[in-house]
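In what follows, a single structure is set out as structure tokens and then discussed.
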């Protein structure tokens, strides 16, 4: 019942938002439904909801973790977007990079798609049947494409086209992976094993191994495309740099996690079938490759939103690496999923503030953020420190745990590469962020209409505070949830 | 009966090769429409001993969507874009044909590595399904026109569907409906995107969509 | 020693030029004309044999040897090709390679005879001919390999003896592909539309015609006759595949094969009437497509 409400609420709200004509009322609907969703998710921590549809829809430890992060993030982003939409609803705009006029998509479309996006992501976290999981991830692609195309000009169209094409191909390959999984579960002509996670784990010994491995590879490639693992990440930088910052925050903070969940599900099946080692090797390879690619492209990156996008690629690689190492590193990966989502979302929201004030995405042209937007500036530097793994923030703890996992297993090459990439990324981001934050701003480039509105600062500040707290102390229930999630991954 | 299934699968492979070698966009659309019809016939052939209503409806839906509706939609988009012949692809037509043959060999080799746990309706299902999927991927990567990329995506889906209909028994409906939904919404959305692209850019050459990149000119 | 294999030899040698008249009559009928007399090619051959030949001062013995060697090669090749499912006069394992090589010998000598004249027109024709034949060769060989694989033998005679109705039912898609590929090879090797236009007068569009531009008299007669024989032989390869009549009665088989041969000629006439010659840059695509069809057939055969 609770799960049904959780799924239906955003959909109903979306329909309502579409037909609401008054902008203010629509924004209220957005925030109210986000708050209701978050409340219900908090309730699931107290009382585990019953599964639906005979086990197809079920909330387990892993799903609950990702659902909570998604819901919390969505609430804070919704609050921020109220102010954002207020500022954006002023008719035809002049593009900052090419001085061309463009319009925005209708706000109703934007809000509706945001809520549908939430619904789709919720469905991803609670699906236990592989077909349904696939469908839910497909729906996230379709719900988020119009969001990327909010600013109607040719660059965002290009970004949307790449997003659609690359992610659709990935999803199609994932569908093939699902078919392969069905063949693996076909049980030699008897009654086939249903493609439900718990059934597959129980009867994993009966799965046909070559097909299971092939299914794993296809699902890894397919969902990995949505997750942003290199070399399948090509849509990520474009989509994140052209989409509005609230959308980028959700994409990086929530969507990538949902795709990660898809990959984790098949890894759980592989573990149960005794092919865990094979899966883990693939994870480690993808993880290191993603971190390498991100390191190469972050250094000297002229566009700060693209820089954040490549940072997402790096962190997805980190997650993949953690899961691939297993053991205590898996715990670190789960903790890092939470930390990264919160930090990256905050960074994107602040980047949105900077963009609104400076009207440019270039790291070279932005100067003196600490002076022009003092609170955003502080949060910007804080976010940078957090995301690159400086103590006392949360990501430091999770990255350290993953490192410990690597060293415990005597995988010194992996540990060495890991630290090298982290160091390179730290230096690359440091030069960009610190240069942006300090210095004197060029006078004609600053235009901070109305200073820093509350709705643009408070959500980011809350996120920063949470990340700081997580670096110092992990609350008991969270630690248990993380441990339970890590246990399912070996 | 196996001969008819084999013939349908071979026709599918031939049409995929023809797509690789065609430069005229209208012809490409017709090829993909024809493939959709073959798939509908294949559905009926595979389930010929238990022609339930839902199988008939599925076959009818596939022929209607993939054989008629999508091609019609895409040719409408083509009319708006007013492009008849594709710009020269990244890999020339003869090389594409040769690479296509290579992919055929690879598909046969791969399917030999994946022994089926239970016999399928024809031994050609796995190789031809893999081949069609590979051809779809290849054309997406090497073609520049947005329209051909969408057509190749349809071909990719066709290959995956052949897999579904030929091998997955037990709970086929969810899976096949999934494919239909996937294609439907993706093509619909992509069709709209192409329309927008044409309006913004006055062409549908995706090679020129290179404004967003990481290195300076 | 039975006489049956030599019947085909005789039939081919005597009736090959008739194919030209069948093709031309078909084209004429489609165009609404009356067309040539059926025995016209024989009259042409007789006329040419009575004439004398003029040899340019720039040519050597190669120019004179070209037509002769080519015809000799084809006469040997005629002894290799089976008719109506019966064995040919000369049959051994691997004779399909010899067959392809003899065709290659004909081509080679035609080409060097053309180059021997030192004229750039012949050279242009020679280069085109060589390119297109190189592309058509895999189609022919892969196609024959597929048939060999299906019937389990490497001799043309046993291969074609094995292609009967039962084999067709089992391997219908494969043989259909092969028939397509062999038809394209037939059209390409015999310089028919859409690869080359046998009636063109524009030197820039010629391929085969231009190579034989300087031959006259008996040499031209040899070349004409050799083209007729080549038409018959490649057509017989196609007919052997497409007309799987293999009864015990030699008259029935022979009659079916002859009818098939005439059918192929009529089909060529129809194709020539309905299509124009393709642009030279499109022809390689067609030939590669034929090779791909053969490769596909072979792949299907091998699995």
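Order of writing sets the chain letters: A, B and C. Residues in each chain are counted from 1.
In this text, a residue touches a chain if its C-beta (ideal position, glycine included) is under 8 Å from a C-beta of that chain, and two chains touch if they have at least 3 such contacts.
Since the model is a prediction, treat every value here as computed from it, not as a measurement.
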{"item": "Reference chain C; chain at largest CA-centroid distance", "value": "A"}
{"item": "Centre-most chain [mean C-alpha coordinates]", "value": "B"}
{"item": "Length of the line joining the C-alpha centres of chain B and chain C, rounded to whole Å", "value": "38"}
{"item": "Where chain A and chain C are represented by their mean Cα positions, the distance between them in whole Å", "value": "66"}
{"item": "Chain A and chain B: spacing of chain centres that average the CA atoms, whole Å", "value": "31"}
{"item": "Residue ranges of chain A touching chain B (in the complex, touch as defined)", "value": "131, 134-135, 138, 142, 145, 149, 153-155, 157-162, 164-165, 168-169, 171-172, 175-176, 178-179, 182-184, 186-189, 191-192, 194-195, 208, 210-211, 214, 237-238, 241-242, 297, 301-302, 306"}
{"item": "Contacting residues of chain C [partner chain B, same complex]", "value": "169-170, 172-173, 177, 284-285, 288-289, 291-293, 295-296, 299-300, 302-303"}
{"item": "Chain B to chain A touching residues, read off their complex", "value": "113-118, 133, 137, 140, 146, 149, 153, 156-157, 159-160, 163-164, 167-171, 174-175, 178-179, 181-182, 185-186, 189-190, 193, 196-197, 200-201, 206, 209, 211-212, 214, 216"}
{"item": "Contact footprint of chain C on chain B as seen in their complex", "value": "3, 6-7, 10, 13-14, 17, 21, 93-94, 97-98, 100-101, 104-105, 108, 123-124, 127"}
